[in-house]
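Shared between the two complexes below is chain A, which has chain B as its partner in the first and chain C in the second.
Moving on to the complex of A and B:
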């Protein structure tokens, strides 16, 4: 039997409609019904997996509209052991807003592992050839995924769970080490102008930027 | 018009406009208006409209549960609204919104407004 204190809490951050829920749903079984906690404006996905021969319960937290009006309530970050930070590879504004999300995350959780995700790569495979400044600047492992067709979703979530577990075992050490081993983060790549990456940006961005 | 009629007509107009054409809310604010939207405070029509137009949803719907009102003075009414709102494909969330409506030279305007999504603390 696993105890409640064994539970891992993994939070998703990023603008609305970047596909956070879709990613979690894709990772979990088809037809999985999350818990909708409207009194907290969040969506909870329960999951369980085996780590080192032991069953570990996991909660994925997703935002559910409160971020439309203000920053997330501090309880969202409370005791989280890892963060999946998502932007939409086809909408530049969601990439720009990573800065705000990341600042907010670090205010409450200065040291937890944070994995950076470019979602919707099915819309433009070209983005996977690029290295995004934001991830390099903050030394975040970076993933190119598609919640729509499932590309890299399982790897992303396995790595996140691994990182969260490592953090929980030892909140101060080893995290950097684990992060360095994860994902496809390459420190050696170029300083491309990130602006150039967003080929599909157009009216939609303008509409959102006001 | 009684305070009740004013509040009811106002609430109807405000949320219909919010849903159909946010820019149309401009006429409801004046230079002295103050809006507290969650943790940010905006003063005057320009700041307020900037804030409202910057909200990131494309669609919003309100489902009103209650409208309460009190006369504050001969030219002001306090209106307290509770209900649920739904933005784009997000799940519905509870909210509360409080207004002080005042009779100005150009008609009734929102002198004060406070908005919160209702969240539990832990």
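Moving on to the complex of A and C:
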């Protein structure tokens, strides 16, 4: 049995309707176990994969982009080891909004690996010949994918898992992490949904003796 | 078996018109489906769903997407509200296209769901499902270095 603190937590971020849920579903199509919370703000998916000969449990946090869920964001970031940041290659506004998502991500998780994704390339293959500066500016690897036809989805998720694993082995910003997260607990307004999520992660908190 | 050619509307009397080829006889046919109880205030997506379930028409309508039906119904409704046919078509079209500059994060759930239904048209057209013969779980494609700018970076301070 693996201990809860062995679990990798990977979050999917980005505007509403960029295709985060479709991407996770495409990756997990072979026998996933969705763990629906009583809210539309978040869906958790459990997954397991072998890394260096060891089974590693992974939790994908498929978050919702709608603004009314903004109060939940701290719980998304809490203890995450990697982030998949998505925009919709057919909608400029979702690219513009990356700035906000990225700023918030870095406020809570200054150093976790973040992979940038242009989804829906099937709708306009031409986008794969165009350059986007956001990834270069922040030194993020960028992927062109399609949840519809599957292009590069599996590669993206496998790369993310590897990055999350590597980060977990060597979290360079460990102290920042603890401080930032303690801050969140005190300042964040909690509603019932938030609490449910904090309970879900509380075992990990104890393990790290906050 | 049918092969649907075209789908349109007639305003006098109000009905949906579908032209199709009947495969058995290879004859071009036309069917008019009266829009019973369709009102200025009717809920478009509900009405379209019911049409699709209609015993008599569902085989023929299974080839026409929900979105296309909704568009036809919107045209009729616009006309009922006093718009000219042209205005009504234009409005229906813009109502069912996604504005790439609209921030969906700020909309009500109902509107976001509508936007997602519109997006589902392309998604379903391009979707390769697990039971399709050409399905592969891991599809890796390497793209060449970009040859032009997206133009999405110009007017800001990233």
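Quick note on the criterion: the second predicted complex is superposed on the first by the 158 of 210 C-alpha atoms of A that agree within 3 Å, B and C clash if a C-alpha of one lies under 4 Å from a C-alpha of the other, contacts with A are read in each partner's own complex, and residues count from 1 in each chain.
The definition used in the following text is that a contact is a pair of C-beta atoms (placed from the backbone, for glycine too) under 8 Å apart; a residue touches a chain by one contact, two chains touch by 3 or more.
These numbers come from a predicted model, not from an experiment.
Enquirer: Examine A:41 and indicate which partner it touches, taking first as chain B and second as chain C; both and neither are also allowed.
Expert: first
Enquirer: Classify the contacts of A:17 with the two partner chains as first (chain B alone), second (chain C alone), both, or neither.
Expert: Both partners.
Enquirer: Just checking: does A:170 make contact with chain B only, chain C only, both, or neither of them? Give me first, second, both or neither.
Expert: neither
Enquirer: Classify the contacts of A:139 with the two partner chains as first (chain B alone), second (chain C alone), both, or neither.
Expert: The answer is neither, since A:139 touches no partner chain.
Enquirer: Thinking of the overlay built on chain A, is A:153 touched by chain B (first), by chain C (second), by both, or by neither?
Expert: In the superposition, A:153 touches chain C alone.
Enquirer: Tell me which touches more residues of chain A here: chain C or chain B.
Expert: After superposing on chain A, more of chain A is contacted by C.
Enquirer: With the two complexes superposed on chain A, say which partner A:65 touches: chain B (first), chain C (second), both, or neither.
Expert: Both partners.
Enquirer: Which of the two partners, first being chain B and second being chain C, lies in contact with A:75: first, second, both, or neither?
Expert: After superposing on A, A:75 lies in contact with chain B but is clear of chain C.
Enquirer: When the two structures are overlaid on chain A, which partner does A:111 contact: first (chain B), second (chain C), both, or neither?
Expert: Once the two structures are laid over each other on A, A:111 reaches no partner at all.
Enquirer: Report, in rising order, the residues of chain A that make contact with chain B in one complex and with chain C in the other.
Expert: In chain A, residues 15-17, 40, 65-66 are touched by chain B and also by chain C.
Enquirer: For chain B, which residues are in contact with chain A within the complex?
Expert: 37-40, 53-58, 86-94, 115, 117-122
Enquirer: Report the residues of chain C in contact with chain A in the complex, numbered from low to high.
Expert: Those residues of chain C that touch chain A are 98, 100-107, 109, 112, 115-116, 119, 122-123, 126-128, 130, 135-141, 143-144, 146-153, 156, 158.
Enquirer: Any idea which chain A residues touch chain C in the complex?
Expert: 15-17, 22, 29-30, 40, 65-67, 90-93, 95-97, 99, 120, 122-123, 127-134, 137, 144, 146-155
Enquirer: Considering the complex alone, what residue numbers of chain A touch chain B?
Expert: Residues in contact with chain B: 15-17, 36, 38-41, 43, 64-66, 68-71, 73, 75, 78, 207-208, 210.
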